[in-house]
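See the structures that follow.
Both complexes below contain subunit A, partnered by subunit B and then by subunit C.
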Partner chain A sequence: MIGEILNVIIAMSPIFVFLYLASLGNSLVEKSGILNLAIDGAYTLGVALVFTLLVFVNDPTLALLITSLLIGLLGVLIAFLTTKLPISHGAVGLSIQFVGYGLASFLAYPMSLKVRAERISLNTYLTIPEVVLTFLTLSVVIGVLTYLLIYRTKLGAAIRAVGENPAGASALGINVLKIRIVATFLGYVLIGSASSLYLLLYTKNWQEGLGMGYGWISFAISLSSGRHPLVGIATSIIFATLIRYAYVLQDVLVGYGISISTFIVIALPFIAAVFIPLVVTAIPQLRRRFAPPKHLGKIFFSEERSV
Partner chain B sequence: MSTQTFFSLNGEKSLNPIISARGLWKSFPGVVALKDVSLDVLPGEIHAILGENGAGKSTLLKILYGIYVPDKGDLFFGGRKVVVTSPQDAVRNGLVLVSQVPQLIDSLTVAENLSLSLSQFGYVSSVRKVSKFLLEKGREYGVRVDPDIEVWKLSYTQKQLVEVLRALLLNAKVIAFDEATTLLPHAEKEKLYDFMKLFKSKGGSVLLVTHKIPEAMEVSDRITVLRRGEVVGTVRTSETTLDQVRYMMFGERLTQLNSGKYEKLGEKGSEVLVVRDLWVRSDYGVYAVKGVSFSVRKGEILGIAGVAGNGQLELIQALAGLRKSERGSIRLRINGNEIDVTNKGSTAIRRLGIGYIPDEPVKKGVSLDNSIEENIAVHPRLTRFLIRWGDVKSLATDLVREFSIVTPSTNAKAKVLSGGNLMKVLVARELTVSKVALVAYNPTRGLDEVSTRYVRRLIVSKAVSEGMCVVVASEDLDEIMEISDVIAVMNSGSFVGVFKSGVSREEVERVMVS
Partner chain C sequence: MRLIVVKRVKTSNLYYVGIPVLSILAGLALSTLIFASIGVPPDLFISEILAGFQSPQTLRYFALLVILGVALTMSFRASIWNIGAEGQMIWGMLAGGYIALFVAAQSMYVSPSDLPNYANVPGVEIIDASPVKPVISVLLMDPSLGKLLMVLFGMLAGGLWALIPAVLKAYLDIDEVASTLILNYVAYQLFNHLVSYNLRGLSVQARQFFRTDRMNSALLFNLIPGTSVTVQEVLMAVIFFVSVVLMYRYTAVGLRLKIIGSNPQLLRSVGVDERRYILLAMFLSGMLAGAAGVSILANPGIGKLEKIANVVSPPTMNLGYTAILVSWLSILDLRFVPIYAYIVASLFQGSSLLQSEINSLFPELSLTGAALTYIPIGSILVVYVILRIFTEYSVRIMR
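Presenting the complex of A and B:
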């Protein structure tokens, strides 16, 4: 029995890790008031980047660190564009998403040809219990640290303040741009490491479009957990289960005489991504608790005539 | 040591000013807000800046506080010429602002809010440490606030106290109160006055920005009067009279203010608006209105008094169909028909002839990027599917004339208007459509004295001549006392006292704060 449970945990852990870390990143970014529409582009780009780097350095940890840092810098760019200039969060987010998709193919496609032609064997993480459980533990520890950062430190208070009421935060003495840059940097580092682990721990290889959609699932996880790092653990488990056991569900249902198309099975996590936030917002108590930051996605002008 | 000996009117000073502004100019698109304004704040004085709405008081303050940068002019703090481009700069120079709308973040705790201002705590320091520090300091200064309570749970006065505590923790040399005491009941006001005097006695200075003359007379040492962006003069409070200050403030328009009582109907008609056991939640999901029942008769004005944040806003929004009523009912009796309008939505309610005046016209009442005409045409009672622009234009022209709205044309975008004129557009539109009832929240906030009188008189006269019933909630107790037939005091979501007009102000205030 214990052995079976352990097997299930090990099977689900990689999925949990690459979803949960990105959802944590999204929560950090959005807590600071930046609407994170670029997440899926960044995720896809992260997957391509780590693959490209892996071909060169052939060390998964080094590739993961560099990718996380680079994606973190992408976050800084987003914070700067939406806060300093200021451009609409929608325009910035969606543009960067598509740039991310394009750049991902541009970088990784030649590499994938090279890997095939030269029969390069990629040095990814082994899917053995020791490794998988280490990453599982690490991601939960990072979740708890993120929680402590957001709710127990002055930096966390500042991040929430600039998301709720940047004008008020500015009057209290907070540099809105600086805090948003810190929050998006940390958030995008997490998104970058999540996307790296998606490849290093799960797919182990790259193909065109790899990672696309997982950014959005992480986005949905973050939203349906009210951007709360600890609640996100539960929602991530739900989504990881759906991804891991969708086919099992299909088989079980066939046993009951119900057959559903494989295409629907593949789409299940995405259907859940729409459905779970819907359920959360439909329950008044949850809706209030999980309410988005008041200034999320709004442009912040520092000198505005007030009447 | 008498502070009076420090001051003189002809420029010679026995003390160097702690803040000095010289020749400040500031304009916004279409308006010159400040014209060559100079001001001196001396150590150990309470200096009032008095002026009507739109006189430039808050622009001046925002320049001192680094929120606006002046187009021209110099600032000196402690005799040193400085450039102040952010509130942080101002704070470093010893000026801290306590504003009318507390600049605190509602969803954060007191400690979290104040930690953001306190540079001695680094970004990684824990909020618990800040909490402990606040408890100690609060005890030391005699300002008691629970550091771990979320700000939205605090009353208005408590929020002001948090801001005062913040100013003290930042080692303020000058604390500026921007209309911060205007809306407080007298007993609460006294507490802040006492604090100001104490702060003064310890060598600090207070800059008291207000549009209420009695307030300036009561507590200040000197008064600087602003009118239309210019300094009319600075006087010593002990050497001036109320009438002199009134003349400085309003000039030749003073005569328009001296008007008698409002004409009131003796007998009211039948009940028009009947509210039974109404429960409404606040934005934070807790009940803000707890089982309120009342009825308003034809031609009657019900004034709802109370310290801000006691459920008045939620009640008014529920009546206007903008907030869900969880329990209870709102019924209208129009021409013998009883209509249940509970949760019927604002479009349906307003088509029945209910007018609604919110405060904060910029946020809730008009669309800034549309013209005055469009802002009128958008009302569901004036326009259904097709807009008759000709009718709208002539209505807009009438309203602009009748309300003396200052605008280039009826086709001008709302954003070119000043705050007071915007409010007039809103009030004009709503009074035109109100046939059955008018629901209002702070209907004259942001208006100058003359317009305020005008709007109040119009509300009363519509009630009298057209039999409209009125529910008006206001944070300005004077307003409630002035126009209401019945005064209900709201405290913690319930009506805690209902009085006939003619009740004493003290009696109402007593119930407001109990």
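Presenting the complex of A and C:
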């Protein structure tokens, strides 16, 4: 019995890890008031980057670290643009998403041809219980640390303050730009490592378009957990189960004479990503507790400003 | 020395024209640099992009981008960010395809010995002359009525699909950018499901192929000679453009659709339920996107639905995303939509010319269509979004 439960946990862990880390990153970014619509572009780019780096360095951990750092810097750029200038968060996010899609293909496609032509064997993480459980533990620890950071530290208070009321926070002497850069950098480092682990721990190889859409699933997880790091664990488990066991569901349903196609199975997490946030809005208590930061996605800009 | 950003008292008209043009130039320069970094000669890049402006193929993207540009501008003006035109086009294709393959005409097996009898029967077309299981398509109604039904049902399907995020937005306050985008992925997969099972063609023998039958050629739109654009596409672009412009100018509905973008409280204060106008804006927007989907399907170059092998290259050619560029560069002003639709269509065509040129000249560069379309589009958008602030703000240097 315990062995079976452990098997289920091991099977779901890689999916949980990449979903949860990216949703954590999204929560951190959005807590600081920046609407994170670049997430899917950053995610797809991260997947492509880690693959490209892996071909060069052939060390998964090093590739993961560099990718996380680079994606983190992308986050800094977003924080800078949306905070320092009167620019729509949505417009910047979407534009960067498209650049991310393009660069992903640009970087990784030639590499994928090279890997195939030269029969390079990629040194990804082994999906053995020790490795998988290490990452599972690590991601939960990072989740708890993020929770403590947001709700128990001075920096976290400042992050929440700039998300709720940047003008007020600024009047109290908080440097809004600095706080948002820190939050977005950390958030995007998490998104970068999630996208790396998506490849290193789950797909193990790259193909055109890999990762597209998974950023949005993580976005939806973060949204439906009210951007709360600990609640996100539960939501991520729901989505991980859906991704891992939808195929099992498919088999079970065939037993009852209902056949759903593989395409529906692929679509299920996306359908859930649209409709699970509804559960939150439908329940008034949750709706109040999970309300987004008041200034999320709003332009923070006074009439005049020196740059 | 410091830079000071000051809000303008009046928005600058000069910048309305200058900034989009500057963004296109700067975005292209940026993409030239990116591609030059791996060895695409800048002069090749520029000459292919310029060739896009004169290519007869550009007209097809132009017509589609006018339709989609109008569609998106309608929702954007209402402050509803419909990024789901891709999914709405997919549903337009599915509904149009259903009408074309099962209502306006029907495929059926005939015995191989009977096949020659069908060769010259009006309204009957042999779509697969396989010696074992030949398939014919029989027209069941007047082809022009069939085409009209295809367009109408395609529009209805696109509009209904757009209503899902609209209802979520209007009644549950769920951000429509994320939901429209995620629904695109759902639409792609449902498309694959329907094409592989429910709409799967009789002529598809091999188990690993998932596509519909070829449409009866009487139901295909009519090409304008020398181009790849169809008469019906152009007609739709003109009709939609004119009627939407007139709707904004002369009708109360048009006025309200404008006001929900700028001042929803005003609508509420005069007793109008603004949520219904959110639904309307999205429904109209989705309808036009659906029509664009039908005209992609009914182009004689396509004529069938095929399983999407990779979400990067859907049959919508990512035009639903490309049209965001058209709408933004036009600063949500319908009058500019045709101008920027033409420019963006040329860039789009230019990048596909570039791709085939690179594939033949430098096969070792291995650039994909996704890289060649998303990088220029994304770069122009990023530059534009940043420069856009100059329409409302001015930057001064203080010593």
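Just so it is clear, the second predicted complex is superposed on the first by the 301 of 307 C-alpha atoms of A that agree within 3 Å, B and C clash if a C-alpha of one lies under 4 Å from a C-alpha of the other, contacts with A are read in each partner's own complex, and residues count from 1 in each chain.
In this text, contacts are C-beta pairs under 8 Å (C-beta built on N, C-alpha and C of every residue); 3 or more make two chains touch, one makes a residue touch a chain.
Since we're looking at a predicted model, the values are computed, not measured.
Of the two partner chains placed by superposition, only subunit B is touched by A:Ala161; subunit C is not. When the shared chain is aligned, subunit B comes close enough to touch A:Arg152, but subunit C does not. For subunit A, the partner that touches more of its residues is C, with subunit B and subunit C as the two candidates.
Of the two partner chains placed by superposition, only subunit C is touched by A:Gly209; subunit B is not.
Contacts of A:Arg288 after superposition on the shared chain: subunit B is touched, whereas subunit C is not.
In the superposed model, A:Ser170 makes contact with subunit B only, not with subunit C. Overlaid on A, the two complexes show subunit B and subunit C touching the same residues of subunit A, namely 303, 305-307. Within the complex formed with subunit A, the subunit C residues making contact are 2-7, 34, 38, 81, 83, 164-165, 168, 172-175, 177-179, 181-183, 185-186, 189-190, 192-193, 196-197, 310-313, 321, 324, 328, 365-368, 370-379, 381-382, 384-386, 388-389, 392-393, 395, 398.
Subunit A contributes residues 37, 40, 81, 85-88, 90-92, 94-106, 109-110, 113, 207-209, 212-213, 216-217, 219-220, 223, 261, 263-264, 266-267, 270-271, 273-274, 277-278, 281-282, 303-307 to its touches with subunit C in the complex.
Here subunit B touches subunit A in the complex through residues 28, 58, 67-69, 86-88, 91, 97, 99, 103-108, 112-113, 115-117, 119, 121-128, 130, 166, 284-285, 361-362, 418-420, 422, 446, going by the rule given at the top.
By the touch rule above, subunit A contacts subunit B in their complex via residues 151-158, 160-161, 164-165, 167-174, 284-285, 288, 294, 303, 305-307.
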